[in-house]
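Both complexes below contain chain A, partnered by chain B and then by chain C.
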Partner chain A sequence: MDEMEQVILDYVIDEYLEEEDEEEIGFDSPLISSGIVDSFSMVSLKTFLERKYNISIPDDKATPEAFDTVRNIAKVVREFTG
Partner chain B sequence: MAYSNDARKFYQDELNGIKEAGVFKEERYIQSPQAADISVEYPEGAPTKEVINMCSNNYLGLSSHPEVIKASHEGLDSRGFGMSSVRFICGTQDIHRSLEEKLTKFLETEDTILFASCMDANAGVFEAIFDDRDVLIADRLVHASIVDGMRLCKALNESFKHLNMDHLEKKLQTYQDARFRCIVTDGVFSMDGDTAKLDEMVALAEKYDAMVFVDDSHSTGFLGKHGKGTHELKGVLGKIDIITTTLGKALGGASGGCVSGRKELVEMCRQRARPYLFSNAMPPVVVAASNKVMDIIMSTTERRDKLENNTKFWRKGLTEAGFDLREGDTPIVPIMLYNAKLSQDMSRDLYDEGIYAIGFFFPVVAKGQARIRTQISAAHDIEHLEKALAAFTKVGRKYDILGKGKNEIIEMYGL
Partner chain C sequence: MQGFGSYEETYRDFDWQKAREMVGYREGEVLNIGWYCTDRICEMGLGEKTAMIWEGFSGETEKYTFNDLRINSNTYAAYLKSLGIKERDRVCIFMDKLPDLYFSFLGILKIGAIAQPLFSAFGEEALFTRMEDAESIAILTTKKYYRKVRRIKDQLPALKHIIVVDDENVKLEEREKTFILKNAEKVDEFDVFPTHSESPSVLHYTSGTTGKPKGALHVHGSIFAQSVSARWALDLREDDIYWCTADPGWVTGTSYGIIGPWSLGVTQVIYNGGFGSEKWYKILEKYGVTVWYTAPTAIRLLMKDGTGLVKQHDLSKLRYMCSVGEPLNPEAVHWGREAFGMPFYDTYWQTETGAIVISNFPGMEVKAGSMGRAFPGIEAVVLDLNSHEVINEPNKVGLIALKPGWPSMMREYWNNEEVYKSKFINGWYITGDRSSIDPEGYFWFVGRDDDVINTGGHLVGPFEIESALIEHEAVAEAAAIGKPDPVNMEVVKAFVALKPGYEVSDDLELSIMNFIRKRLSPLAMPQEIEFMEKLPKTRSGKIMRRLLRAQEWGEEIGDTSTLED
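Moving on, here comes the complex of A and B:
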């Protein structure tokens, strides 16, 4: 676990889960294939990452597969933060 | 041959995949006008069966109303069959403009523009008005046509949790640096029958300098005291900047939609909305009949009042029978079953009992949220609803779900 992964996980929980949701998610929980995040609401996540880390993620890197877990999302972000 | 065997095999496999996933949609042939009682041929080739329709958008029962049919005949005789033109070349008749004016008056907006459908209105309106300097902040459960329209527009596509005003406020705060902000929502959400908090949205829009967009397709004609829609129900008439709605549901149900709202925004659609510029004008027969629909609903609230009473009767009856309903007070009444197969099995059994009601499951609704969605109409008489209630109760008893809540149903049938 590193700080970036924790920041992304906190954001995902706050942004996509409802208070009454009982499910718990972690760094390797599937987000998109499980239906927690859909392709429409995924834009919020991409925009958050771009603003937070002052980067621009091309659409072909922000695929549902690449964004399916917090750990994978952090990998994509690191590609652009260097 | 350009359509090669490989191509054919690919699409055959795709279609088989849809069938194997259990989400292949089949159409049932109705051999009567749209009404509370319909004759249905299903499956194909089977003898027709008389059933009570519990799943149409014919909320006001105007789809086959004698006065509407008469007006369509008159429109056909006086204005012809087709326009053979888009609106701005030679496709605008006096009756097109008069329908736009009636919609403006009814919805209490500044101006209105007709589209071939509300799908087209939603596909065209955002791109015509907003660009990459703007941000659209939509409820996450908005209709698919809004999602498509937003994607066609260069504005940033943002979203907030369903009906969650705190989350919306956070998003509005985040994007104070954009040129324009627009809150985007359905008035009534078609799968759950719940209603947008338009009063709170308008307050937030005023606080954070945002416009408000509402697709009121599932409420125009019957929600609010005069049936004007969600904005009347929530006390914000005149405060919604963009309303899109349909003529294909309560308002006669034939086809057509519109954008109604601030006059400059409507004019921008007339100049720039691609589905408006590049598709045919609405046919005169539909426009003439829709004019009559507007006359009817502006002269009396009788039909929306009947719909309201029917809805109360139906919700009360199902609740007393022990079904697990989505809360709400709209004519969309979902009976929650959670399990996809259960929704299909019950729908089939209801059909055997003479009730036409459809089960919905993923991907139309979220996983584990399968249901039978019932829709009430002013075309229903209490006798229809009593018969339907008896059938639902019989089928509900068969599956032993009466009086059971979410967890118990899931325990019995799984997700």
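Moving on, here comes the complex of A and C:
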């Protein structure tokens, strides 16, 4: 699987899930609509992506829909990394 | 149900006795919100009517009638009573918007205990502060969240029961237990504790500028105000399908997500998921929602996705839309008309007021950007900022103040009489918000009168954030303010000076943001951190938050004579 998607997934698991959580999430698991990541927390996720990939994601691209799965987030990031 | 007629006539002719009569209450009778929202509705012949249509985030649905609501809340009440929980004990509810949240809330009230809802995204510090202050005896939670409680339980000696309600297989430790409603023997008859209108019911914590969050204590008599305002300000009628998007961790989610609508026997849609424009429109369409109560932040997010998306859905059943949490900007009102063919009706109230106190009403002209007019039975004025005398001159900005005496007014701040008393000046309850009143009695919000941050419709106290910030290993001193934001009205911005040996870096900034998110809540997480060599202080060493805020908002800095240098 794509490295970028794995990095994002690992970050989400580390930062947003409880350590002992049995809940398994994958590249297509809903994040925002499921409540794992709420719209406020999206800011720290966006900040992580911007710092990690040295990009700037405009607010209108960082919508709850666009950030709802790891796969979709990676698509957004790729738009800006070229 | 009696609708809202002419504003002027209704305001003039109203007294709170009318609200008592509207829910069928007679002086001296037992008044218990749990009974009024379930058993009484069944006695009215509506037992088989749908009370709750519940949908989970992955699309699973459940339906419950008012009779189900009655029996399930009885079953919770009997279980909690069997644990020895009694009247006035504080019982926390800490879970997502699951059906159990609603059943247990009503069950807690039925035994005369005090329901203490906690926002499910709270971190350990936020949980601890509220549970320690309230000396909560029990907490109902789920497998998703019980570990947060486990990590702080040793510091909470009053906490006797940690009850997981959705999984009987969790490995339990001391004081932990499980209660699975579907496996429990259903309780058809339950003797409701004989509460009266002044018996405590719900404890909601809210933030102030200084000190820890304060618990606003409400009473069973609040139902009079919540019921009549749900009928008049939200325009709820018997055959409505109503969706309140608020989480019961906050007061809107209990006053108008439980008590108001169910006291009227209205069917509610409850969606246990996060925000998503497409998803939300699907909920409105699928269930034929007729009345929708949401928040400006959500409306502004929906606006971003445009009118086209709205038009792709059949929302022909929708007839009334209202908003709460922060002032609704004129653009959002206009967009409502364009996208849905009707405006959003703004409503104004606070955790402390328990129910809507200023509002737009059906049939009344909506002036885009105004909060509306005083609710019948509420005497609302603005007071001069310095003298605290009533301002009679129109359009002059003052402090919004309310004459105490309406039924849903908080009765105290838990353990904090001093701060409670400070909320009253010259016989008025001071809301802490500034506004003007136009010649027709419409209120126009100007801003807060203190440093409390209103983000996404929720109040966050700067002191709580600052206290948590300095617990981060790298932070020497910190200040938190509200920064203007086009979607959330304000977001938290932090100013931070680092300890020696720490360097500013992207990783450190992210680490501080996530530290606050986990300790307090996502709402409290700074969306921006500005690192400074040192923070501006008074000569006595107090950080001048006011100065930082003024700079951020481009306002006059004001008197700086007390500045250190």
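In the analysis below, the second predicted complex is superposed on the first by the 82 of 82 C-alpha atoms of A that agree within 3 Å, B and C clash if a C-alpha of one lies under 4 Å from a C-alpha of the other, contacts with A are read in each partner's own complex, and residues count from 1 in each chain.
Methods note: a residue touches a chain if its C-beta (ideal position, glycine included) is under 8 Å from a C-beta of that chain, and two chains touch if they have at least 3 such contacts.
Only a predicted model underlies this, so the values are computations on that prediction, with no experimental measurement involved.
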Identify whether chain B and chain C fit side by side or clash on chain A in the overlaid structures.
-> clash
Contacts of A:26 with chain B and chain C, given as first, second, both or neither = neither
After lining up the shared chain so the two structures overlap, which partner does A:18 touch, if you call chain B first and chain C second: first, second, both or neither?
-> both
Between chain B and chain C, which makes contact with more of the residues in chain A?
-> C
Is A:40 contacted by the first partner chain B, the second partner chain C, both or neither?
-> both
If you stack the two complexes on chain A, which partner ends up touching A:65: first (chain B), second (chain C), both, or neither?
-> second
Selected from 1-9, 55-63, 91-99 or 307-315: the stretch of chain C that, after superposition, runs into chain B = 91-99
Intersected contact list for chain A, partners chain B and chain C 18, 35, 38, 40-41, 43-44, 47
Which residues of chain C touch chain A in the complex?
-> 57-58, 96, 121, 144, 147-148, 272-279, 301, 304-305, 455-456, 488, 491, 506-507, 509-510, 513-514, 517, 522-523, 525, 527
Touching chain B in the complex, chain A uses residues 16, 18, 35, 38, 40-41, 43-44, 47
Sites on chain B touched by chain A in the complex = 138, 140, 147, 156-159, 161, 164, 362, 366-367
What part of chain A is in contact with chain C in the complex they form?
-> 15, 18, 20-21, 23, 30, 32-35, 37-41, 43-44, 47-48, 51, 60, 63-65, 68
